[in-house]
Structures are given as structure tokens and as C-alpha cells.
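Read through the structures below before going on.
Look for chain A in each of the two complexes below; its partner is chain B in the first and chain C in the second.
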Partner chain A sequence: MTAVTPARPRFRLAPYLHFARVAMAREGTYRFDVFTSIASLLIRVYLLRMVWLALYARNAAPSELPLHAIITYSTIALLMGLVMDIDQTRLLHDKLHDGSIATDFMKPINVPLYFFSDGTGEVLFHAALIVPSLLFALLIVHIDVPSLPVLAVFFVSFFLGYLIGFCLNFLLNCIAFWTLEIQAMQLIVTWITDLFGGEIIPLVIFPAFLQRIAFVLPFASMFSTPLLIYVGVIKPGRYLEVLGVQLFWVIVLAVIATFVWRAGAKRIVVQGG
Partner chain B sequence: MQRSRLRVMLGVYQQYWRINILTTLEYRENFLIWLGFTFVYHGSAIAALWIVLTRFPSMNGWTFRDMAFLYGLWMIAHALHNTLFSTVGDIPDHIRDGEFDRLLVRPLDTLFQAIATPGQVFPDELILGLITFAAATWYSGVHVDLLFVIFIPLIVVGGALIDLAFNLFISTVAFWFVRVDALRWIVVQLEQEFTRYPISIYSQGVRLLLTFVVPFAFMNYFPARYFLHKAHETSALPPEIGLLTPLIGVVAVAVAYAFWRLGLSKYSSVGH
Partner chain C sequence: MSIIEAVALRKVFRARERRPGIVGAIAAVFAPHYVDKVAVDDVSFSLDAGEVVGYIGPNGAGKSTTIKMLTGILVPTAGVLRVAGIVPHAHRTANAANIGVVFGQRSQLYWDLPLRESFELLRSIYDVPRDRYRQNMRHFAEILDLERFLDTPVRQLSLGERMRGDFAAAMLHDPKIVYLDEPTIGLDVVAKEAIREFITRVNQERGTTVILTTHDLADVERLTRRIILIDSGTVIYDGLLERLRDEYGTHRTLVVNLAEPYPEFVVTGADVVSREANLVRLRFNRRSITAEALIRRVTERYQITDVSIIEPDIESIVRTIYREGYHDGPVGAPS
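Right, the complex of A and B next:
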């Protein structure tokens, strides 16, 4: 993402590291929310385990996903959700709401990069929650652990999925330049992402025609790709292809986000007279 | 005296709906987008059930047709609650920003005033719920007889009352702990996720919890089990228990209301 602020001074990394640190500290003050997200995660781990157990007990299991693989899939999906379900760029919407974005434009910083570092700080804090959540989750379910190289590719793919999610959230929050009521739209996108991203149900067990639709949408690159790599449905021979598709979506969405951001930022200038 | 007070309340309640509908008409785009959200929310839930049950035709003996009825029954009760009582959920906000104190000095029941605080409520979800439930009833092949016609409206009201009891209970907690968002989030999620499937798939502890402690199973599972004639469910309770929902709803609200009175008597303003 490039800057729109004219003639900014030489780039320094230090302020952005500071923004990220501040965001982490801010998140840490809501301790009860931390407790809630872990509790709600554990409830869902239990729920999905019971659901899949009930479904596998009386029906023929799909050959590509045996019971232990699907329970692993669901648990990892929920853990990924701790990071992926955060709206890292909410700050943009809030600042548009109260008007404080105007002063941010006057500061000698790259504004989108400021939101990125703030969001990353928030995400890093929540990523730390994965460890205790995982330990608790292991008390409820047993999950498979793949070999180290597969795990490494999984993390690369997870990171690309995170970038897609970031661009999508940023785009949605940019809509606030035009209309401040974006909550409903965000929720709609969240539900669609959950379903078509394969967060709740693996896309490989979708009916064929829905599978074809789901795999051409960007949402599949957010959850489904890293998860299918983890459980071994995507074999090493296809790694380059699926990572390429993820990278493609990162670039496409980043370009769109840049254009929308520029158009939106111009409006602010116009309103400011 | 009593009669005239009732008339005043009715008048206020009419005004409340008038303002709601006028506000909705004023912010039409906003309304449309929230309608879109309601569609996607319930649509994606039903789609998820359909996808899973296409691949695995039976969940503990329940087919997609059965599950559609189960979902429709929950949806209509939940939508009825959201339409009439969603404002109860705003009470913690009123307490936090001090607005609540204004309700205390007015000459009408405090809870009634909280319920009748205008916002942007519109019965869109309820209408969608009615359509979904009618379609699900037809699709699941439930026999519509006199018993069904008499009991289903009562069960829906009972289900909405169970919802109201939890909404009121959580809002009352705000008298002691100002922030209750986290608690609400957990209960909402419990309800939403655990009412989606027949409770016979869970372990005994969870089944007991959903029957006796947080009786969400009475919103849809027990009545659906009765009307779908699911005799083989692993449960010690007789199927007729599914007709008890209205009673459970009334009891739940009575308990929550007693708690509310207690909270109200202990209330001291946050100070503004």
C-alpha cells in the first residue's frame, strides 16, 4: 500500500513499532475479553467434536477425511480464527466516525501503514492466546501434528491467508469513507467467509457444484488452503500452485484496497475544505 | 385507577412502535442492509446444515428434513424475542451512560420503560421466521392437527420467554458488574450453536445442562422431538415433555424477574 500524504519525510520504522506496541498494551487491558475468547473457543471445540462424532458414527466416512483428520481440521480452524476473526482495521472506521482521522493525515506518517502496525500489534497479542487455548483444547480433543516441512508450509500459507483477511477488512472499513453504517455489511461478509472459506465445514465435503464456486472465491485462500495443507489433503506436489493462488489474491485485493483508499482519502480532503 | 394505568402503558407502547416504524422508514438503506444481514445469517446456518446432511444423510437418526423443522422452530421463537424484547439487552448501556436513572424517576414501571425505549426495531426477522417455519413444517412432513395448531403458538411464545429470561438475567447482572458484554456473548453463542443440533448428540452432562440449567432444549429440541415422533432418542424423559415449553418459559421469566427486582433494589447509580 502506498502513501497518499504528499512530500512526507524520510521513512523511519521506529514509530510504527511503537504503534504496534501501544496496540498490544491496549488489548492487554481487556482481560475479561481474553477469558471470553478462550472459553467460547473451547465450547466450540467441544461442540464440533460432538457434531462430527455423531455424523461419522452412522454414515460412511469420506475417504479423504477420516474422523481424526476432520476433528484436527476443526480445531486448527478455530485456533486460526483467534487471529483471523479480528478486525484489525476497525481503528480506521472509529477514526472516521469521530473525525480524528483528519489530524492523522497531518502527521508525518504513512496512514495506511499506521493502521497496519496498529492491527498487527492487536493480532500479535491475540496470537499469544493460541498457546493457552491449544493446551486447553488438547484436554478435549486429540489432534494430529504433521511433519515439520508440512508445518512450515502451513505457516506460510496461514500468513498469506492473514494478508488476504487484512486487505478484506481494510476494504470494508474504507467503505466508512462513504457511509458510516458498515457493521451489518461486515457481519454479512463474516458469515459468508465462515461458510465459503471452509472455516466451519471443509470445502472438500461440499456438493460438487458448490465446491467449484467456493474454490474460485478468495475466501477459500483464507482458511481452506492452510487447513487442507495441515491435514494433508493438499499434497506437496500442489503446494506451489495453491500458494500461488493465495499470492494472486493478496495482490489483487491489495491493489483494489489501494485504489479505494485513495478515492476515500480524497473525499476527506474535499470535506475539510 | 388500575385500568387507566394500563391504558397509559398501551398508549406508550403504541407510540413506541410508531417511532420504530417511522425510524425504519427514514433510514431505509440501513434497514435494507440489516435485512440482508438477517437473510445471510439464517441462510448460511441453514446452508451449512444442508451441506453437511447431503454428505452425511443422518445425524443420530435426524435427517435434513427433521433438522429444518428444528431450526425453523428455534428461529421463529428467537425472532419473536428479538422483535419484542431486544431492547432489554440495551439496559447495561443505559446503566453505563447514566440514562437508566431517568427511567427510575418516571411514573411507569422501570422494566416496561426499558422495553419500550424506541430504536430501530422492525418485525422483519419475525416475518422471515414465519415463512421459514411454515416452509420447514411442510418440508418435514409434520402432521398439522388440532394439537399442533394449539400448541405451536404457545411453544413459540414459551421459547421467546426463555430467551427473554436470559436476556433479562444478563442485563440484571449489570447492576453489579457494569460490563456484561462478555457474559452475554458466551450465552448467545451457547444458545445459537447448541440449539442447531438434536441434543442427543451431546454427552449426558451437557444434555442435563441444556435441559435444566439453561433450558434452551425446550425452545426447539423437545417440541421437535414430540412433533416429529422421534421415539428412539436416548433420553429418560417422555416425549410429552416437549409440550411443557410454555410452562418452562413462564417459570424462567419469573425467576429472572425476581432477580431483576432484587438488582433494582440494590442499584446505586454509576454517578454522572
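Right, the complex of A and C next:
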């Protein structure tokens, strides 16, 4: 019997839309989580407001960020966290851990694209929570709203930051191809992101040398850049530059993620996982 | 025409070897030591479309490794493999459309979704036409009695229900070939029977080719005529189950119910295996004495009320072969 080369199966988007829909539905089944995450967000908004009020009352205020700006910054950062803090490729790690990834490779699908669809569905569900959360937050604090063009640039920057976060999560979960335990690694990355991402403390308050370190790492592009665009610290003249840096990180991390995925998938195919 | 062709299939894993103890654990981190493990050494077979074959072997014989190569998720180290004309690992997705897989120990259903939605998702993955999908669903729901739990999330199903769901899921896209890896493991008698019935019907009605690996030889006896026995990564027997029974199942057991409690019981040509009150079990070689002759010898000397004959079961035959190896000329092809 001679081998035939089958026609490459036609790409169909339908299954991937279905994966995303299923992921959304799955997140929706944990409804209690939704309420607790909104509640915890409101508590954090309130607490951060207290902290900044207290600090600013002692004249610790940096010149770039007046009180209303820093409260806006913190609140928007917390809202962004609703989607940025999700490990949307956790499923990859879980499937590598219990070996069920083998069944995914036995289906006529593009496996990384499956994880991307699933993660996107999960994130979209949580993104839908931003609007109600924002409305509740407005009951506690007053936040600034920038002009429409600035808002548009903010969303572009937010999206690029999200892609960076996605690639980082994907890379971390890919580590499970080699060692099944990735928690310690994830914890370290979370700490570094918290410190150098600007989610909790704006980088402009940092001492100069820490700012320099933050500048050469990808984490600032995740939170700090969109946030500083929102509060107007990054002026329109620098938009192209900072968006370019973000795009650079998206490309670099996506290329690395592709290589790591291929090496990992090859390992499964050759070693049997 | 053969639908699966495997020639001198071989798979060697590079495994990390760890010396025992703490020193060994630390050494393994800094200076790992690798050894080659041969999972499949030399496996050749060919399967005709519509055949059902039992792929049997002890744990670690290389059954699952072979199945994984057939599904295209493992690349063979050497050898040739064609499944429906396709080299599985080279065209993984094209091959995936031709096959269905059921693992007894691993579900391919979506844990958080109701069973029905898992099927819907699979419909979209395999691009099954709507009317074909409805037809299959109706058919499977009837044979496997799925209707009762179609709307239950998979995580809440019992093992038997989940397995029935898994079978329907594997067959939804009308695969040409299905691989069943220990499909009845852990199931109760009723569920096992439902699954076996389903396999038989799918094979007969749709001409689906079935490869079945199992430890439950009752599955094999019920479903297949041909078996491939493998041990240590090599095929040791490929042929009819019947023939194996003829060659190895030479000893039968005659069970005799005595009418009176004779103090002594002796018959030439057979050994008394056990005796409980009036119930005697005799083991005899059917090549040296027929059952009829043996019964005559018994009744000449003793009054009896009942006799029955127990045929050798395939399980003990296979056990003998694992232990002693198969030794009856070359490995035969099915006749």
C-alpha cells in the first residue's frame, strides 16, 4: 500500500468560536466567583484610595501625579486586573499535568489555537464584568475621564499589554512540558510583574535606578504604559514610541512562545509525554 | 484491502534513569543519565477494513505505544505505518478525521459541559453535517440509552454513563477506524454488555474497523475472532482465537456429581483436581482421551447424577503463553 498525501484539511473557524463560547459558559457556571471578584475589587479600590489619601496628606506626592490622577490610576489598574490577572492558558498546564492533552492531539484541530480560543473566551467573560465593576467603583471614588482620542489610544495600548500578558502566561504554562511543577516559577513572575509592571505603584514614583530596570523589562508594557497614557503622564508626542515598544515585546514573546510550543509538542510526539 | 499496515514498527524512548536515594536525586538534576527503553521492538501486522481485532498483551508490552503511533501522536523510531493510506504522524489532522478513540481511563468529553454540548462541540470540530449528526445521535441514544443523562454535566456522570458518552463521542463523525484502549475497565456487567453490544453493532452496521486492547479477555471472546498477542514489544501470535484455544487449551475439566459418597474415587486417564463431598473435578487431556470415553469409565465404576464439562478459558491460555512464550512454528496470519 502506498502512502497518499492527504489534502491539507481546510481551515474552519467554527470549532474555535465554539471553544471560546464553551469557555465563556464554563466561567459562567462559577457564578459565586463573579460576585466575590467584584466585591474584592471594590474593597481594594476603597483601601487604595485610603492609602493614597493618607500618603498625599503627608506631602509625599510626586509632582507628575496629583491626588485625583493617582486615584484614577489605581482604580483603572484594578479594573484592568480583572482581565490581566487571569491565567488564561492554565488549561494547558492542567492538560499536560493529567496527560489529557493526548486526546487533543488526536482531534483534527490546531492545538495551540484551541488554547488561544479557550483563553480568549475565558477572558471575554471576565471583561464583561468591567462595566458593572466600574459603575460600582464610581460610587466609591471619582475618577478622571480623558478625551476620546486619548481613551482610544489607551484601549490600543491595553490590548497590546494584554497580548504581552497572554504570551507570558502561555510561556509559563509551556514550562509544564518539561517539568510538571510550575508554581514556584509562576509565583516569581507574579512578584516581578507586581513590582515592575506598575499595577500597584506607578513606576514614576520609583527611584531612578529601579525605573531603568523596569524600562528594559516587558512588564511595564503590560500595565504602566496604558495607565500612564490614561492619566496623561505619557503625552501624545510619545505615543508612537511607547506603542512601538509594546509591539516589540508582543512580537519577541510571540516568537519565543512559538518556538517553545514547538519544542514542547515535539517532546510529546517523540517521548510520549 | 488492508486499511492498516504496520511493518517492523519500532519505538524507543529515551528515559532519564535515576539512581536511588537523595544522592541519586541530586545527581539526576545536575547530571542526568539517560537510557534507551524499547517500548515497541518489532511489530508488523495488517488489518482489513471491517475487521475487529483484539490487541492483547501484559502491562508494558507496548500496546498503548502502538495505539499512540496509530493515532499519530507518537513518531515511530523505525518502521512503516499507514492508516487508511496516510502516514499518521506526518498528517496528524487528516488522520484524526479518519479515526475515533476511546480510552477507558481517560475521557475526551468536556468535564464542565452537559453531555449534549460535548457532542455539539465535537460536531463542529469534525464538521459533521447536521442531518448526519441528528441521525447518529438518535441511533446512539437508542443503543446506549443516553437520553436520561444527555443534559447532565459530564463530571456528574457515573463511570458507566460516561463511558457510554465517550463511545458515542468517538463514533459521531463516522470514523473508518476506532481504537479502543481498555474500554470496559471498571465497568459493571450491565454497562460492559451495553458497550460490547454497541461495538458489535457499529462494526456490523457501518463496517467500522476496530482495534481493541483489553485485559478483560471476556471482551475479546465476545467481540473478536482474531487476536494479536504482543509481549516485550514483539508480536508473539497473530491469528484466530480458535486456533490458540485448539493448540493450548488441551486440558478440559469434567465435573461429576456422585450419587453416593464413595470413600475412594479413582479413574485412569484423568486426575482428580478437587473433591467436595459428592462433587468431583477431573482434569483430562483431550488428545489422550475423549470426554465420552472418560464419562463411560466413570459410570462403569460409580453411580452418578450429573456431569458437565468446563472448557479451558482464554485467560489461562494467554497466561500460559506469557509465561512460557508461544511455540508452535512461525507466527501465523489469519486464515
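Everything that follows uses one rule, which is that the second predicted complex is superposed on the first by the 263 of 273 C-alpha atoms of A that agree within 3 Å, B and C clash if a C-alpha of one lies under 4 Å from a C-alpha of the other, contacts with A are read in each partner's own complex, and residues count from 1 in each chain.
Note that in this section a residue touches a chain if its C-beta (ideal position, glycine included) is under 8 Å from a C-beta of that chain, and two chains touch if they have at least 3 such contacts.
The structure presented is a predicted model; accordingly, all values stated were derived computationally and were not measured.
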item	value
Chain B versus chain C as contact partner of A:201, first or second or both or neither	first
Which of chain B and chain C A:138 touches, first, second, both or neither	neither
Partner chain in contact with A:213 - chain B first, chain C second, else both or neither	neither
Touched partner set for A:184, first chain B, second chain C, both or neither	first
First, second, both or neither for A:51, with chain B first and chain C second	first
First (chain B), second (chain C), both or neither touched by A:26	second
Chain B and chain C footprints on chain A, overlapping residues	none
Chain B partner contacts - residues on chain A that touch it in the complex	32-33, 35-36, 39-40, 43-44, 46-47, 50-51, 53-59, 62, 179, 181, 184-185, 187-188, 191-192, 194-195, 200-201, 205-207, 210
Contacting residues of chain B [partner chain A, same complex]	29-30, 33-34, 36-37, 40-41, 44, 47-48, 51-52, 54-61, 179, 182, 185-186, 189-190, 193-194, 197, 201-203, 206
Contact footprint of chain C on chain A as seen in their complex	1-9, 12, 14-15, 18-19, 22, 25-26, 29, 99-100, 102-103, 105-110, 268-272
Residues of chain C defined as touching chain A within the complex	2, 5, 13-14, 39, 65, 68, 71-75, 82, 85-87, 89, 91-97, 99, 101, 103, 106, 108, 110, 112-113, 117, 120-121, 124-127
